[in-house]
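Both complexes below contain chain A, partnered by chain B and then by chain C.
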Partner chain A sequence: MTPMTPVSECPGIVPQLQNIVSTVNLACQLDLKKIALHAKNAEYNPKRFAAVIMRIREPRTTALIFSSGKMVCTGAKSEEQSRLAARKYARVVQKLGFPARFLDFKIQNMVGSCDVRFPIRLEGLVLTHQQFSSYEPELFPGLIYRMVKPRIVLLIFVSGKVVLTDYVNLDFFIGAKERSEIYEAFENIYPILKGFKKT
Partner chain B sequence: MPGGGRCPDCGSTELVEDSHYSQSQLVCSECGCVVTEGVLTTTFSDEGNLREVTYSRSTGENEQVSRSQQRDTAVAYYQQAYRHSGIRAARLQKKEVLVGCCVLITCRQRNWPLTMGTICTLLYADLDVFSGTYMQIVKLLGLDVPSLCLVDLVKTYCSSFKLFQASPSVPAKYVEDKEKMLSRTLQLVELADETWLVTGRHPLPVITAATFLAWQSLQPSDRLTCSLARFCKLANVDLPYPASSRLQELLAVLLRMAEQLAWLQVLKLDKRSVVKHIGDLLQHRHTLVRKAFRDGTAGTDIGEKELQGRGQGQGQGTEAVEGSSLDLPEGKRPASPALLLPPCMLKPPKRICPTPPVSTVTGDENISDSEIEQYLRTPQEVRDFQRAQAARQAATSVPNPP
Partner chain C sequence: MTGRVCRGCGGTDIELDAARGDAVCTGCGSVLEDNIIVSEVQFVENSGGGSSAVGQFVSLDGAGKAPTLGGGFHVNLGKESRAQTLQNGRRQIHHLGSQLQLNQHCLDTAFNFFKMAVSKHLTRGRKMAHVIAACLYLVCRTEGTPRILWFGPGGGPQLGLVNVYVLGKTFLLLARELCINAPAIDPCLYIPRFAHLLEFGDKNHEVSMTALRLLQRMKRDWMHTGRRPSGLCGAALLVAARMHDFRRTVKEVISVVKVCESTLRKRLTEFEDTPTSQLTVDEFMKIDLEGECDPPSYTAGQKKLRMKQLERVLSKQLEEVEGEISSYQDAIEIELENSRPKAKGALASLTKDGSVEDTTSSVFGEEDAEDEELEAAASHLNKDFYRELLGGGLPGSSEAAGGPEGRGRPPALESLLGPLPTAASLGISDSIRECISSQSRDPKDACGDGELDLSGIDDLEIDRYILNEAEARVKAELWTRENAEYLREQREKEARIAKERELGIYKEHKPKKSCKRREPIQASTAGEAIEKMLEQKKISSKINYSVLRDLDSKAGAGLPREDARPEEQAPAEEQAPAKKLPRRKTSASRSGAGSGTSVGKRLRPMVSPQLAKKVAVGEALLPSPSSLEAEPGGPTAVVVESGPVSYHPEEDADEEDADEEDGEPCVSALQMMGGDDYGCDGDEDDGY
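And now, the complex of A and B:
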């Protein structure tokens, strides 16, 4: 997958991917106690959480493995790395004696970040883009911008740093499914932010 | 509107004020018809700041009359929220917090500067719980809630300081005229806002710091010895934790402004002595800020050089010195302008995050057995682990000796 060339509107600023969340179905029942016993890189506290937490060094990621055979993989910096990591976790489970398969691998969410390098008057942005913005400094220092097309949530900070993400604490799950959506969202927000460069 | 008004569609008198896209509308709560759009704005500065003017302020009518209407609006929001199953099934704690949220939204729409902190204190609720419910309800009901009005908040918060009358805890030299203090505090808060000390921060601590400085500067000879903590104690106001930090930042701004005045430059002011001159500094604040600071938003290429030099201290970043000032001898020159940026952009970066090299991973690479086996325990290791687990179980199940 080749990255889209950003429009000249945003000089040399490309959002960096920071986290990818993906899921895959290993399609077999798993004995989590057995996995936790035989794997060095596994944590299992059934009283706290009903899944094994497993980690590998390369690509540096974390997986949640459920007894149903469903698995979540987090921490990768690209879609390809996420898939490679998920395959390695599946291999570990296979080596422990389970007939693990690799079905329905899917990227669930992507998080990117970048820096526009100028400060932003968040009070002004929330006034002119009220229908998309939520800025409550009593709760959180950043402005939460819910873009409609593409459906991305952006966290915009006074320092000019922008995080393009899903914000689960807001009681909903909206996120990028394609890398191009993150780039598109940034290209949409940049001219708006530039409008707030001058005080 | 208070005193009359019927919906032209259904004839109902149940009209509520609703804020939509920073504009006030009168909406019929029975059929949803928009009765009026826009509110008479009478203050030019309010219009300039895109702030709606409350009905009472533009007409001079008594605020008390609309109190019951406010309660009705808050109740209407609660009932609207209750139609959603997620709210109906929520715990009592959340429902109580929801009441606070509805009150907050109503107050915000009427420019009544009630803070979330105050509501949480009154409800004995946790701010985290309040936060979650508030964000949820705003999204659920699709509301546009206006921002907290800083000017109104300064007025109500300042008025709560118990400093306007002498008492056993407040000696005569600490008593201050309310209007004077309010006026000066407002100017200091405006200064803080202009110099990036307010954006992204909790509004209250800045106002606490500004109130303290305003109070001190009105009678510095008697009040410089009083600390921020003691000030809040005798004024019977809680000291918010970030206030000390805001105070330091505000004093730093004032010092930079003072450096632009020749007669103050020779005095070599510090954070204590500058307080004595706050009156003068505020009087000329617009000019002084313009001279003391230069735009930190100018162009990304200049910005890049500044940001690289940032780590070595601010002095490095000031290349653009006005020609005229170079003619003056070293000690008499006004200080070169500092970058006007939010404090978080002026601090040196904690650690340099190197951009990761472009990944060439395809996801289809071969996975070697040895790589996977490094994560598996050998049979001996499994036995050791099981023994250790059993020993830990035994240790935790042994009762403590009497």
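And now, the complex of A and C:
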């Protein structure tokens, strides 16, 4: 259930994707120590975290590689880049002597951001959209708006910058998200924000 | 009398004792009700001649015993735990609330919140202190008596030891689960408190008023959105104090308001940037400027945007200049190239891959930068190539790419220039890839078999990420040195496990399974319900379920038997009720007086002799625990008890410790009592 929104004109602003988190299954047991010792860009601190942290420059991403063969890839700016980066990591692992495959590549989370170019009255927004918004200046300077359809969380700041993402500090998140959902969410929120524009 | 039927013997003769609040069956002696609530008032006479009313005080929290004990004792245990939690919470709320000087009404409201939280299981997995603090803070917010999240006057240290974000998280969760919308904090509410702490003496009120006015001005200038209210209050109070000739230093204000010095300075600077700061003291008190400023973060953002735009314009101009130079270079190269026709073939193949010699677009892996002339010519050809593509319209994903869209020339030049416009060339190479190699997209999707699709991955690049032998050795040495401690611990752990394994006492630590939610059982009859519950809970392998089922079907001997059986099984926590039963049998054979009195209102199942035989046989068939091996089938041992079962584990434990009838010959209690069904009357009499 979304609150009533007036007929909106196309704002002409498109959210930019800033980060994409994806996971893939390499389907083989990995010796993390061997990977860490033979890869140039890998760090492995077993006392602190049970995974190898590997980075590549192109596309600029970071991957967490676990001994079970599962891998998390973050930092890419588009879905294609994320997939490419994940494949590169898999190739590195292959070259180090493990029979790595590339199963179940799935995008888990996308983060987008944009700027509406006008200041927003957050106190007003939290009064009218109480059931969706949560604004605690003592804890976080932005307003956390949980849109129901599409299920996206938006961080709205007084400067007019908006961050759209899948989950914020919840104990679970919903599965893969589409780029279109981010666009749709922004289309939904833009007229609401215009209503709280600073005169 | 109420005309009720006794559950033990079925008798209707029930005696109500108002003084004790009991309902007792005179036939078998079982206590049916305890702590009966009556509306009559009775008086008894004291030794001194005065009279006092009869009754008991029942706590408001319901922390007393439940009125009926017959409903299954395990329920009572659960309730006690809940009651304990609530009691504990109430105590802590009062303790903390009194430090914060909250009135009783607030504390009661906080306790209500806490009760709601407990019923929604929000206290699980969280420190009690956090939940209590969140409840108190919620009360403060809803009542409008403002408390800052981590600090209250005089109550700082207790709450302050907790990270404010942890508290905030708990508070947010609480507010969300209880569907309570706490109104946003207004910094004006904090002014009186802080002013009081800063000790302005007589002029306290005036300073507060000035500070409030300042704060309202800040609000109109959009300085307060997204900021912690205490920072703003601190700045307002500091300026107000100075306006009234009070020398309050920044340090003093900070100690009261509890923000960082840099935060305070930043607020002051921001206020300085507003036009209001230019007014004099008197002007400020009288005049209210019309205009409103933008929030500082917005202005900062705008400034950054403008800087970026300036930079872009500058760089474009730079490119233009360089571009002119390179165009002359190009013209020269063309002339040279025209004198070398056969090179074109190689170039054509190069351009087909869309090679740009720059490392940024090494995705295609063509890094043949051997011949500069070839490069220049290639880039020239690319220039035309790009122009064709640009005609199709590129998705302007990056700002810099927007520039080249406007003019056809720069893309090739940027590639010549090198690292500066990396984003641009990347954006373009993306689109080129899309345009040219659209068919390569399909194999990516068709990766169902799990094989790694190597298209688009340059092996050379990958090899660069792998260390060679010497480097690997060095890294291995460094790594082992860094993680020596961890490796040592691992070795010790493995040694320990190996040793334990030899001794055969190694316990596999299974990962904790989260308890699954069980759906409520739906059954038409009580027997069916019991069966289903037993299936679900899998109480004990020592119960002969077939016997259990037969019991339901067996007619005669009336209700008590069936009731006794299910009720026996009802206390599901008991590991082996069957185990208990023989114990009881033999204990009953002893002087039941001890057990009768020591446990107060204990109730034991009544089993008729024949039934006992059947049961005992059934139990004999089961693998009984070792302690009971000594006891033979004992078919004739009888438990002659009255009333429904209530297995109280502690009492059982005591009883078992006390009993040592392993070697005792199996004599039926019935025989000992004289072969009477109601032979236990002797025991009962002793108890009462």
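Quick notes on this one:
Rule of thumb we're sticking to: the second predicted complex is superposed on the first by the 179 of 199 C-alpha atoms of A that agree within 3 Å, B and C clash if a C-alpha of one lies under 4 Å from a C-alpha of the other, contacts with A are read in each partner's own complex, and residues count from 1 in each chain.
Throughout what follows, a residue touches a chain if its C-beta (ideal position, glycine included) is under 8 Å from a C-beta of that chain, and two chains touch if they have at least 3 such contacts.
Quick caveat, the model's predicted, so the values are computed rather than measured.
Clashing of chain B with chain C is the outcome of superposition onto chain A. Once the two complexes are overlaid on the shared chain, A:158 sits against chain B and chain C alike.
When the two complexes are overlaid on their common chain A, residue A:137 makes contact with chain B and with chain C alike. Contacts of A:56 after superposition on the shared chain: both chain B and chain C are touched.
By the touch criterion defined above, A:103 lies against chain C but remains apart from chain B after alignment on the C-alpha atoms of chain A. Within the superposed three-chain model, A:44 lies in touch with chain C and out of touch with chain B [touch as defined at top]. Of the two partner chains placed by superposition, A:28 touches none, neither chain B nor chain C. Within the superposed three-chain model, A:95 lies in touch with chain B and with chain C [touch as defined at top].
Touch criterion met: A:83 reaches chain B and chain C at once. Overlaying the two complexes on chain A leaves one chain C stretch of 5-13, 23-31, 77-85 or 131-139 clashing with chain B, which is 131-139.
Judged by the document's definition of touching, chain A residues 37-41, 56, 80, 83-84, 87-88, 91-92, 95-96, 119, 121-123, 126-127, 130-131, 134-139, 141-142, 157-160, 169, 198-199 lie at the interface with chain B and also at the interface with chain C. Contact residues of chain A toward chain C in the complex are 27, 33, 36-41, 44-47, 56, 58, 80, 83-84, 87-88, 90-92, 94-96, 100-103, 105, 115, 119, 121-123, 126-127, 130-131, 134-139, 141-142, 157-161, 169, 198-199.
Those residues of chain A that touch chain B in the shared complex are 11, 16, 37-41, 56, 59, 77-84, 87-88, 91-92, 95-96, 116-123, 126-128, 130-131, 134-142, 157-160, 169-172, 197-199. Contact residues of chain C toward chain A in the complex are 148-149, 164-165, 168-169, 172, 176, 181, 184-185, 222, 224-229, 292, 294-295, 297-298, 300-301, 360, 362-363, 430, 444, 447, 450-454, 456-457, 459, 461-467, 471-472, 475-476, 479, 482-483, 485-486. Residues 21-22, 50, 115-117, 127, 131-132, 134-136, 138-139, 144, 147-148, 194, 196, 199-203, 295-297, 300, 303-304, 307, 340-342, 344-345, 355-356, 359, 361-365, 367, 371-373, 375-377, 381-382, 385-386 of chain B are the ones that touch chain A when the two sit in their complex.
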